[in-house]
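Presented below are the structures under discussion, each in the form of structure tokens.
In the two complexes below, subunit A is the common chain; its partner is subunit B in one and subunit C in the other.
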Partner chain A sequence: MESLGADVMLALPEVILLGAASTVLVLSLYAGRAGEALAFWSSLAVLGAVAVLVGFTTTPQETFAFGSLYIHDPLAVAVKLFACLTAAVVFMYARPYLQQRSHARPEFYVLGLFATLGVLVMASAHNFILVYLGLELLSLCLYALVVFERDSSDASEAAIKYFVLGAIASGMLLYGMSILYGLTGSLDLAEISAHLGSRTTDSIALVFALAFIVVGLAFKFGAVPFHMWVPDVYHGAPTAVTLFIATMPKLAAFVMTIRLLSNGLQELLTDWQQMLVVVTVLSVIFGNVIAIAQSNIKRMLAYSAISHIGFILLGILSGSDFGYAAALFYTVIYVLMAAGAFGVLVLFASQGRSMDRLVDLKGLGKSSPWFALIMLLLMFSMAGVPLTVGFYAKLYILQSLVQDGMLWLAILAIVMSVIGAFYYLRVVKYMYFDEPDEQLHVRGPGLAQAALSVNGLLVIVLFVFPNTLLDYCVRVLN
Partner chain B sequence: MLVQSAVFYFFATVLVLSALAMITVRNPVHAVLFLVLAFFTSAAIWLLLEAEFLGITLVLVYVGAVMVLFLFVVMMLDINLARMRAGFARYLPVGLLVGAAMAAEMIVILNTPAFDRPRPEPKAPDHSNTQELGELLFTEYVYPFELAGVILLVAIVAAITLTLRRRERAKSQRPSKQVRVDKKDRVRLVSMDSE
Partner chain C sequence: MLSLLIWLPIAGGLLAIPAGRVSVHAVRWLALLVAVATFLASISLLFGFDAKQHAMQFSEHVPWIRAFDVYYSLGVDGISVPLILLTTVITVLVVIAGWEIAPGRIGEYFAAFLVLEGLMIGVFCALDAVLFYVFFEGMLIPMFLIIGIWGGPRRVYATVKFFLYTFFGSIFLLVALVYLYLQAGTFEIAQLQQFHLTAREQYLVFLAFLIAFAVKIPMWPVHTWLPDAHVEAPTGGSVVLAAILLKVGGYGFLRFSLPMASYASSKLAIVIIAASLIAIVYIGLVALVQRDMKKLIAYSSIAHMGFVTLGFFVIFALFNRADASAAMAVQGGMVQMISHGFISGAMFLCVGVLYDRIHSRQIADYGGVVHSMPIFATFFVIFAMANVGLPGTSGFVGELMVILASFKANVWYAVLAALTLVVGAAYTLWMIKRVVFGAPGNERVAAMTDLNGREFFCLLVLTLLVLWLGLWPAPLIELMDASVGHLLQQSQLVNLR
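Coming up: the complex of A and B.
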């Protein structure tokens, strides 16, 4: 145990985040009315500090800590960086909304920090136990956040559904893991991989365990046919929390899938590929088609999220390094777009007006031209229109599919993207071609608006320089 | 060996039956009691596996603390049984069919030789299960152990966030104020003329 000090040093980002979250929790109790402001600013500072710290520890090789429970590799660094940034941006967007609804309590930021800690743990997990603990830490915070507006019956219903289905998903995942443990005698991802590589016979029990793991992952991702909770949770949760749920768990689900399927079970590639094909095809089709029928914008974005999840999984199922890199690229870009789109909704909603229905967006092009333009860019990007980075995100996924000879999947994805463009463009139509019912003047703190502007413009900037991010993703997953 | 198998099958049967009874009995209090029985029998199975500490913890924590709380909650709630059971008979055949199919598939698949792993050697009678677990938890698994603690902390924070309400009209004691109270705050001596 002489090396415990070195282990802790390697896991310093997690240690600092945990210490800071606990400190904020206690301090904000004693700060009285200033507790919320204190929690907000110190959370931003901590996330910034952790991001810088993670950035400085970038290494090209793998290092292990705590035996081999903790892995420090480029993928972990990348996901941790993005997670810290995402959490900070979400906090900035959410604050005016929470203040306007008088839900500005420090617990929002504390739970948010703990959820971020969960993602960090998952990013560095090299053992089934840690994957599971990180996942539960994240999920538990999310369940509580969904019902943050506790007098809302919609939110309570959404939270119960999320909790029950999330628990079932965790159960599935655990069951799969336990069978794999029974078969291989190890919980360590590298040992499992080695054991699977040396096996001589095909065991149907392995596929059986794999099925449970894939089902658990699909549940957490919210992919069809395990998507029932997504629209209800997006709809029922306060918009600021929906913003959080639409972004952070996607990063977590991505890194969890890579850790489990690629690091641990790459030997079973052909088996999980078939399962993922079914999941992705259904997700891309159902997500895009059902989104057309939605009149609530949060539900529409929920179904759109399902179709984007389908795209991310399309990258993963190709099983190649470039496919994984394309999937990471897509995940990051999707998180950027979802943060922006929900950020605009949160901003408008924090002006004291309901922003749940599509028709609420009517005439925003006139009354709030700048943020309508941001929303337009984000919708174009989600649809994959050129001049926005969403185009490249889809392109790289299709490229990886074609490289691996799955042309029919690529064609299906393109057809469904075209169908999906309809409901994204409908948002633009409402904003620019309809007369407003009432005028809306956006006021509020400049911080959220500045961040939102940067967020929207990044969609264009990254279109001009997509290779910087793609090269990074390729390097991370090589 | 034979005695061990017999004991195992006895407890396993009781476990499965009590779990079944737990979800089928009408009275929720009975259901909780059946769950207690299920926990007890699984604790006994832990003991058979030489996991004494886990078995005893299961009894102490689940039966002793969690289930007692549960019983209190169930007794305090006024649960409408008729409404909860509505549709039970309608969904029963489908549920049974799906359950039976899944069970059959699982039995067929899991009955493969892949699970034939060497049995661990029985430990000496003075072997301390608790000490071994403790050493593992605080050395090799200290990181996940701490994380499990964090999860419990989050659960506390979440529960308090969801339930604590500062009501304006709520009456609560302020001990410091109570201690500092002075005679003249409470008692007023009025001199009155005798009549």
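Coming up: the complex of A and C.
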């Protein structure tokens, strides 16, 4: 708060990202054909630089800037790091796909950078306004990305749905925030928390506001019963964009939930816990059961995402540091797995054939053994089978639930994960137990393939050496 | 030492995948080399093992996951050593039996079996509950692929059923372990065994364990995945499934249910005994009407596993007796597990030999095999006799011990269990009569060639093992004596809080 200079220094990653994204946007306009390559490589460089910068500012304490609008704490650092990494990985996977469909335009990366900026802003937001700004920045970029193939009617439909429902969700969130503002007279998370703590009686209006905020969060997460947009958007968007939607917003939704519910409204724990129980139970059940009926793999992974969201919220709803750490770990692992799974689909799809249906995966175990193996690992990991890191993610959530005495919720969750195993196994079945209809030889730039291989193998490597990441998640939320 | 036993086959298996792309020949010898090396390593375990004491030996204890207090903790006692030896022997035979598997994915085939071997040894060595669970569940992945890729026409149904059944069962094990961890503050099996729970907690923990291990072993009425999995699995898969995988369930009862929930075990023993007797009698009758040889042997496996669970849970009726009948019951169950490993493995190998020749498992497609394959017929009849429990074969020892012990607990247990000698003889010998004896069923059967060298070797090894265990089981019993005694002490305690 001493000087503007110090504040800006603290927010340097965001400032750099904003400047770089704008520069890339302008430069690529004048670079002609080389614009796409320029945008791609400079985006990677910028993301790398921001990640390094964020890494250097790691701090054990909380620091505030811009009159406590902006918070710099371990959680913000962690989310920013993972966001930069995710964006870079998504760009690498997406590029061959976009090139093959001749959609390789610099705007993809520019929009991606702005979306990442949105996540960074949310990660450091300590004020309702800033949370909302970050959220809208992310969402608007995503709406535009969904119609990146502007001639596709599926994509247009998905984008309209996404936009309308997303706007409703934002409206809900804003409404909830405005009621809270009316009740507490502040938009600052710490002040709201302090105000709520000093109150003696519960008021209906408070719960009312809370309900709107939870609904808004559930919408953004895509949790049941506010999940209607998820399968359509996953399905309608170009696979490379689905990859982005399946990963980045999950990190954002996680950090937004922690900021709003834990930092701001921890005093109302018992109230939002009850609301989240309903949402998680429905998400875990519906997500897993409906995924079984899907024949389109993108829709299947969409419902699978809904069930994984349920698991993340299960960690959050325990309301303890332990549960938050479990949820962060789950989110990171889920983003890793989703990036890998959609990455494999994008890679196969970038060989010039459709990869939308489950049957398109037939016989890939024979024709493309390496990437089929990667997909196999990712599927077992999503199912939570040991020997893959997905097991720890489930175990951690399970432990936090049992610790907080929610044994029946734990049992329900894992019984549903057995149902979930069924459709992940089906992917393996198509790849390994069926004969291929046509041969598929994966070619393409080595960068995407190398990144994908690392991504897949990480599932095993993190299983054997989980300590660094687990300890990090615990430290971040302590 | 134990780490070597676990990781050698896994590393060898991973190496086999690229080797399979280079040369079919090389990968076969690589797989055999790894399997034999693992076997020799497991033999050396015997020399360093002190059977006089019940403590865990060859211990390894390294921190693994700090956030969950999980240790990479290994060790063996007299109960796990025989099972490890069983695993390594059977894997060598499976590699030899799979020598001529279709060369298309031969590297993956051997890789799956070798990785599976490492994981199974891991189950028997793990002293940390999470480590145990990891191996216990991890085994599903290679087995799922083995049945799904190299299996028969209904392999997808069978393998998914297998996976979901066992996954469903073991997930309750995980909840119980997490619960125990939060109560006791440790995942160490030895410490969990000494931890005291309330009666209600014990019942719940016991039920969770029961679901996991009953599916695995499998007990009536959760056995239905086994016949499907066996019928569709390739020969090697059936052998490993019957000989080793089922024993993991029995091992789980000994390591978890009996010591950790001894109070609940003693109260609910009657339920397990009833289910075991139903398995022995009813499943035996079901086996009688099977037309598919593999299905028949699969049902026979379930009936034989009934003896194992009967032996393990009849002890609670024997504790007030002065004699050693409780020890005899558990040892009988253990001998039955080892013996069934050899016999069922051999039976599935025999069916595999027949299947390789005319690609049918239907009993009706055979007849008079003895005319075209006299050597094979000799082996097949020996194993059938062992399956029936003829004195002098290993099948007799375990069943006799369990029946004798249960006679002291309740005459009716023994009477019902002894029915197997009639029913088992009926279904096994009737199958032998229809397959081996009589006039040649058709010209294809008449034209079958007798065993080749590899098949002869596998069956010979198993014959010797079956006869050795049948005629002189003392070394095996001595090996496990101290550990079983310790286990009984633990189970006798009323470990209530």
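The rule is short, and it goes like this: the second predicted complex is superposed on the first by the 476 of 478 C-alpha atoms of A that agree within 3 Å, B and C clash if a C-alpha of one lies under 4 Å from a C-alpha of the other, contacts with A are read in each partner's own complex, and residues count from 1 in each chain.
Everything that follows uses one rule, which is that a contact is a pair of C-beta atoms (placed from the backbone, for glycine too) under 8 Å apart; a residue touches a chain by one contact, two chains touch by 3 or more.
All values derive from a computational prediction rather than experimental measurement.
Based on the superposed arrangement, let me know which partner A:206 touches: subunit B (first), subunit C (second), both, or neither?
A:206 contacts subunit B only, not subunit C.
Looking at A:403 after the superposition, I want to know if it touches subunit B, subunit C, both of them or none. Which is it: first, second, both, neither?
In the superposed model, A:403 contacts subunit C only, not subunit B.
Answer with first, second, both or neither: which of subunit B and subunit C does A:18 touch in the superposed model?
In the superposition, A:18 touches subunit B alone.
In the overlaid three-chain picture, which partner chain does A:289 touch, first (subunit B) or second (subunit C), both, or neither?
neither
Let me test your reading of the model: by the given contact rule, A:392 touches which partner, first (subunit B), second (subunit C), both or neither?
second
Is A:421 touching the first partner subunit B, the second partner subunit C, both, or neither of them?
In the superposition, A:421 touches subunit C alone.
Going by the contact rule set out at the top, does A:133 touch subunit B (first), subunit C (second), both, or neither?
After superposition on chain A, A:133 lies in contact with subunit B alone.
Please name which positions on subunit C make contact with subunit A in the complex.
65-68, 105, 130, 133-138, 140-141, 144-145, 148-149, 155-156, 159-160, 163-164, 167-168, 171-172, 174-175, 178-179, 181-182
Note which residues of subunit A are touching subunit B in the complex, please.
1, 4, 7, 11, 18, 22, 25, 65-67, 69-70, 105, 107, 110-111, 114, 117, 121, 127, 129-130, 133-134, 136-137, 140-141, 143-144, 147-148, 150, 179, 182-183, 185, 203-206, 208
Name, in rising order, each residue of subunit A that touches subunit C in their complex.
365-366, 380, 385-387, 391-392, 395-396, 398-399, 402-403, 407, 410-411, 414-415, 417-418, 421-422, 425-426, 428-429, 432-433, 466-467, 470-471, 474
Over in the complex, which subunit B residues touch subunit A? Could you list them?
Residues 106, 109-110, 112, 114-115, 117, 139-144, 147-148, 150-151, 153-155, 157-158, 161-162 of subunit B touch subunit A in their complex.
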